[in-house]
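Chain lettering (A, B, C, D and E) follows the sequence in which the chains are written, and residue indices restart at 1 in each chain.
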Amino acid sequence: MQELINRAKELLADGTVARVLGYKAGDLPYNPEPAYFESAEELKDFVYNGFCGANLSKYMIEASKLEGKTMVFLKPCDTYSFNQLLKEHRVDRDKAYIVGVGCKGKLDIEKVKKQGIKGIQSIKGADITDDAQILTIQTIYGEKTCSYGDAMLERCHVCKGKEHRIFDEQIGESKETKDAERFAEVERIEAMSPEEKFAYFRSELSKCIRCNACRNACPACSCRKCVFDSNKFDSSQKANVDSFEEKMFHIIRAFHVAGRCTDCGECSRVCPQGIPLHLFNRKFIKDIDELYGEYQAGADTDSTAPLTDYTFEDAEPSIVGKRG
Amino acid sequence: MSLENKEFKPKIVAFCCNWCSYAGADLAGSSRLTYPADVKIIRVPCSCRVNPMFILRAFEKGADGVIMCGCHPGDCHYSTGNYYARRRMTLLFSMLDYIGVENGRTRVEWVSAAEGVKFSETMNSFVEKIYSLGENVRLGDLRCKS
Amino acid sequence: MGSEKKQAEMMKEISGVNPLKCMKCGKCSATCPSYNEMDIKPHQFVSYVINEDIESLVNSKSLWKCLSCFACVERCPRDVKPGKLIDAARQMVVRQKGQDYLLADEIPELLDPELPQQLLVSAFRRYRR
Amino acid sequence: MYKIAKENLSALFQLIAETRELYLPVKTAGQTNFAAWSKDAEVDLDTLKTVKSAKDAFFPQSEGLYTVKKEGKKMSIEPERLKEQEFVVFGMKACDVRGMEVLDNVFLSEPVDTFYEARRAHGTIVAMACHEPEETCFCKVFGVDAASPASDVAVWNVGEALYWKAQSEKGEALTEAVKELLTEADEDGAAAVEAEKDAIHKIVEKLPYMSLSLEGWNGDALSEKFDSPVWEELYKPCLACGTCTFVCPTCQCYDIKDYTAGNTVSRYRCWDSCMYSDFTMMAHGNNRTSQMQRFRQRFMHKLVYYPANNDGMYSCTGCGRCVEKCPSALNIVKVVKAFQNQGGEK
Amino acid sequence: MQRIGVFVCHCGSNIAGAVDVSKVAEMALMEPGVVHAEDYQYMCSEAGQAKIAAAILEKSLTGIVVCSCSPRMHEATFRKAAERAGLNPYMVEIANIREHCSWIHKDMEEATKKAVILMRAAVAKVNLNTPLQAGESRVTKRALVIGGGIAGIQTALDIADAGYEVDIVEKTPSIGGRMSQLDKTFPTLDCSACILTPKMVEAAAHDKIKIYTYSEVEKVSGFVGDFTVDIRKKARSVDMNKCTGCGVCQEKCPSKKAPSEFNRGLNTRSAIYTPFAQAIPNVPVIDREACIKFKTGKCGICSKVCQAGAIDYEQKDEIVTEKYGAIVVATGFDTIQLDKYDEYAYGQSKDVITSLELERVMNAAGPTHGHLERLSDGKAPKEIVFIQCVGSRCADDRGKPYCSKICCMYTAKHAMLIRDKYPDVNVTVFYIDVRTPGKNFDEFYRRAVEQYGVNYIKGQVGKVIPKPDGKLLVQGSDLLDNRQILKEADMVVLATAIEPNPDVRKIATMLTASIDTNNFLTEAHAKLRPVESPTAGIFLSGVCQGPKDIPETVAQAGAAAVKAIGLLAKDKLMTNPCTAQADVLLCNGCSTCENVCPYGAITYEDKEVNDHGIRETRRVAVVNNALCQGCGACTVACPSGAMDLQGFSNRQIIAEVDAICR
């Protein structure tokens, strides 16, 4: 972490960047917030640890409108989002000084709490320099431990790889965290009967409160004004009066980001109701991979997106009923 | 055709592209090739004009089946429109299948301006399928059911 | 017949070759150093698979005359890779015979003094599993 | 005070449900929220905080107001019926109960919100003392006693039993209705409850947010706080989602919308969030044009405007849901602290 | 609020026989916005149209719905009728209750119900219609032809003969193109130069044709009817007006080591040069890379010997900006690079040559003055092997997946010419298939075999091995005899695949014309519009669109000319008003719509916007109404709904959906 701070100070001092986009220490051991730092003095609050899970690429949309360069710390998976935004002209490469930060997997406090750990006072083992095996947690109710792996976000278990796709420099080491199949959960659902599928998604989506956290945290959902907020389709319903609205919202959201979603997992991370929203996006990714050839959004900035592309021999929509 | 369920009159929306399928439907009409009156056609310039929102909207408002027809791949009046439509609809239908909507409530058929017979046959078989699936309960908005 | 079809499918699967891509140009045969030793020529190999006559392939002399030099694979303009088909046919024979294709006792019989030594070595490397 | 063994709880729920609607924390797909009780529902009284507060029971996320029916060119209007059925909300916490007070000040003062009023009149709140408060809790800062909820019925969770105490007429009535399942608590029971209260108070003292000071936050602080440069820094991580608003027990803003369903139009209201860019959108646009302004609005309302209109009562109960749920780790505590730190420099 | 009139047509008994038309009219009055409804025997008749006009005027209608036959039949009729009554023609919607209803449903009650629903959908839509104006754009009556080969020359001549001005832009110093490099042409064996040169002269002399040689298209803006093109006239270093074309400078030039492009690098040329003797214009250029004066500052011999004083070392590139109504692309082809085909030993032996090189060898003006000889040692060859399909029909990335189309015929030509002139030379052709679909083509090929004794062997060559003695060992297979062949040859000729001129990608990008995976320009419709690009105002001539021989190229050149003339003959272009429009406040500037537009109608601009008080400069989509054809692909690609299609807007279609599902 000190290395990041030192580098930030250097670049601020020599005028390379006008500000630094990173994280500020929170008031609890696990809630650092994304923040801008404009001076060495401000950097005293800078923190970078396992709880810094937010995808800062999203913030670069706004940062691109500011004067001067913004130094930003991006995890490997964040760089896919940055690339994708670059491709869509939503961020300005010249306004970003990207430090690719190594990643050993990011933590999900909800997963810690799900293990019955509450009254958390401090957490040891979450720093990026730690060797990432065990978290030791001091609570009001005594000391608890939790393995790092068990506390990791879902996305880290199916990590795309620890390679930064775009950066100006790299700092810190990464550790492979992939220990599960990316599409296993999608396949599990695909194998269900229509009734089971319906019941599964009804149960999950019934929790949706239409808070729009998934949309607003999503780097692919970068619309200035979402269709669900505008009257262009007569679709600006805010509430969950009927279960259909959640389906409409989540299907269309997934469709709008199909071929653009980098599978960064922010939607699921931020959902207050713990809905595995990534399963929608990942379904499209799987379909695209299978039907139109493997495609990883954000892997580059010049490939043709699957939904703006075609071949004469493309699968017919009837393939949906035919696949096993 | 199995029409056992006399009570159930499905609502079926058919999006037809202006250049091929709408003309194919016209040909079916002038050839007096019948298909059930449950099918109502909406004319769009090209199958690529069909937004997934339209299809979900139809289901929301109480449609029991939605079919989209366009020019055969390679014959699009706008060269490439139906290629895009094909990918979009494939993904959309796959998603609907994934969330447990009965397969068969949605369909895409390529019908040329010369295929009046195909148009009528397609509509007959699609309507039959919708009858066999029954009322759409998984995608509709309850407020539209009364 | 059924089993022939299955074998043909298996051959396509092992080799990863789609024989239907062949345009019958014969460049594989033109390029093959063992051509004259072969009873079934490289380009014929492809059509045998298309016609699902795997029995003949498996029993052919060619199977063991191919040097696996992969010149045919390299030069095939249609990406058909006849060499891989031959390789696949060998695999099938190997699988039928069990763990080892080349049992020590069998070698002297098969030994042709005119065969290059290199082939023996490479065959051992490839098929002794 | 009465007592009921935990093993008899499902019988209690069934009994309540015979005469009243019953809402209580139910776990669905891994998350606990208030929902109508049913035999198959997975009741979860162990989770300290439901994701959403219990305010839906009185102020639902969306509710119909009236329906317009069209026949030919004739139109008729059918207003939605007010709540008539008695209902019980079981398992609220002291903070959520305080939340109801906050909402009462808004909806029960003139002009009275009849939909809300009817629900309040027919709803009985059974609240539980917080057995094990968590690090995100700071209700004490707002004078809420986690050990003694100010509800119709208060309940303490001690060992294998719940202790039950009616605290209002409605509470008495409910107690009467379920008496067959309750047993009179003895002196040991009373002592156990006192011990539980003590334990809760002790833990509360240890919570990290206990030192939070609200000094300077009051109805008179308007221009000082409004014009502070601190907001410019604070709002930046905000993604403009409505999570904080929708999990909050005191947020009360709603939008009114129409839904066209063929020949009918239903007018309904639904929660809105001041964090949304289209909040209070008008024909000319929006009077708050930046996220900073929207962000400021939420906290100014909770800590300045609301107290100014309600005898100094804050529109925050310290439930800590926003602390847990904000995707960007922002929350009201950070806001208060930021002003604290900024203190003299300003 | 709209004031809508609904007109229900009986169509004699065609509709009224199955649909209760008065019921439909009656139900129409229940619909929001409908203030007038009536039914009539024949709405399309004079009397019917008069009824519509009368109602529009009397009831001040703002929109009408005609329930009748298919809009494909009478939409235009009713639109005109409405327009005559002062109503915007795009405020008319048709409910198709004949083809889609009365003709296919027997049960009157059922058919009437459906007709009512179709009427409702049309009313719901027209409620949201807005008046649209067909735009007009002017047509600049001048065409640009990019490429001065036979395709470009023919197109230019045809357009010019129709009375329109044409400019040809040619990259090289002379027009003439590939055809000028050919010796003889199949299947008639007439001399290429003899038939091409007169055309070149005709083009140069035509008063409507202006030729820019040694020039390139630099920038294209605008759209159909109104393109603005920057042409870079590269510095020739010779004054076109002064030069007499005497050729003395070329003779005296001391730098003679530059490889001759015209002769495919088989010999050299001087630094100041015309590519070939019949070049048009017959004005040399100085190759500044090779010129001693430009390299060292010393020399200047050409300037000294030029009696006309035409040499101008100071000349600079010049940009000419011109306006055009139509652009024809005729950029032609080149042969592919053979560096990935090691097995054919091209590059290892001078005696392995491409067919185009053979053309030069056989040509009297070529490096060997027309004598057939080995380029390595000048000896007369006795055995010549031709190899077909080198790089054509190839699935891997070494070559091209398509058939180059011309090789079978020119190889037969070469074989025949050699056997004719040198009967003692043996000629062997290794082929995969011999493809001769063309007039007199197969006869030509058979003559090569039957009369001239060319030895055709079915089977591809695997390898060509240069031997130390200078001979070439060709290893091939004879698939018919099932034997491998080892043949010694003195020369090997490769029928090398052709590919579009590499510059075409750059040009296509400038023109926003689409291109396929092989870099051939895409036609607007593979069958019905084969000489037009999907981008309006861009036409395709010659091999840039796909492999072709000379007669086909000339035919297509004429067709492209006709299409261009058809455009230039119009004074104004009426544009379809049902085009896409971007809402600048919603546009993200993401370029997704641009990527699916088949017409290149969408561009991006930085625009100052005022988004409810927030003023900022944003990158937003702009639709060119003259190019947009209204397919709607962009509207669905756009996630924010910023892109909408006039006449088929999102809200209109949704209103129809709602009305049907009601």
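Just so we're on the same page, contacts are C-beta pairs under 8 Å (C-beta built on N, C-alpha and C of every residue); 3 or more make two chains touch, one makes a residue touch a chain.
Computed from a prediction, not measured in an experiment: that's the story for all the values here.
Common neighbours of chain B and chain E under the contact definition above: A, D. Counting hops only between chains that touch, chain A reaches chain C in a minimum of 2.
Of all chains shown, the one whose average CA position lies nearest the global CA mean is A.
For the pair chain C and chain D, the distance between C-alpha centroids works out to 75 Å.
Centre-to-centre separation of chain C and chain E, using mean CA positions: 46 Å.
Once the centre of each chain is set as its mean CA position, chain A and chain E turn out to be 44 Å apart. Chain contacts: chain D has residues 259, 262 touching two or more partner chains.
Touching of two or more other chains is recorded for residues 596, 637, 650, 654, 658, 661-662 of chain E.
Annotation for chain A: residues touching 2 or more other chains are 225, 227, 233, 241, 307-308. All chain pairs in contact, by the document's touch criterion: A-B, A-D, A-E, B-D, B-E, C-E, D-E. The touching residues of chain C, counted against chain E in their complex, run 21, 23-32, 35-36, 41, 43-44, 71, 75-79. Partner chain E is touched in their complex by these residues of chain D: 72-73, 260, 262-263, 284-286, 289-290. Those residues of chain D that touch chain A in the shared complex are 28-31, 33, 48, 51-52, 61-62, 132-136, 203, 206-209, 233, 236-237, 239-243, 245-247, 255, 257, 259, 268, 270-273, 276-278, 323, 325, 327-331, 333-334, 337. Chain E contributes residues 343, 389, 393-396, 398-399, 432, 458-463, 475-477, 479, 482, 484-485 to its touches with chain C in the complex. Those residues of chain B that touch chain E in the shared complex are 11, 13, 18, 22-23, 25-26, 28-30, 32-35, 37, 40-46, 48-54, 57-58, 61-63, 74, 77-81, 84, 88, 120, 144.
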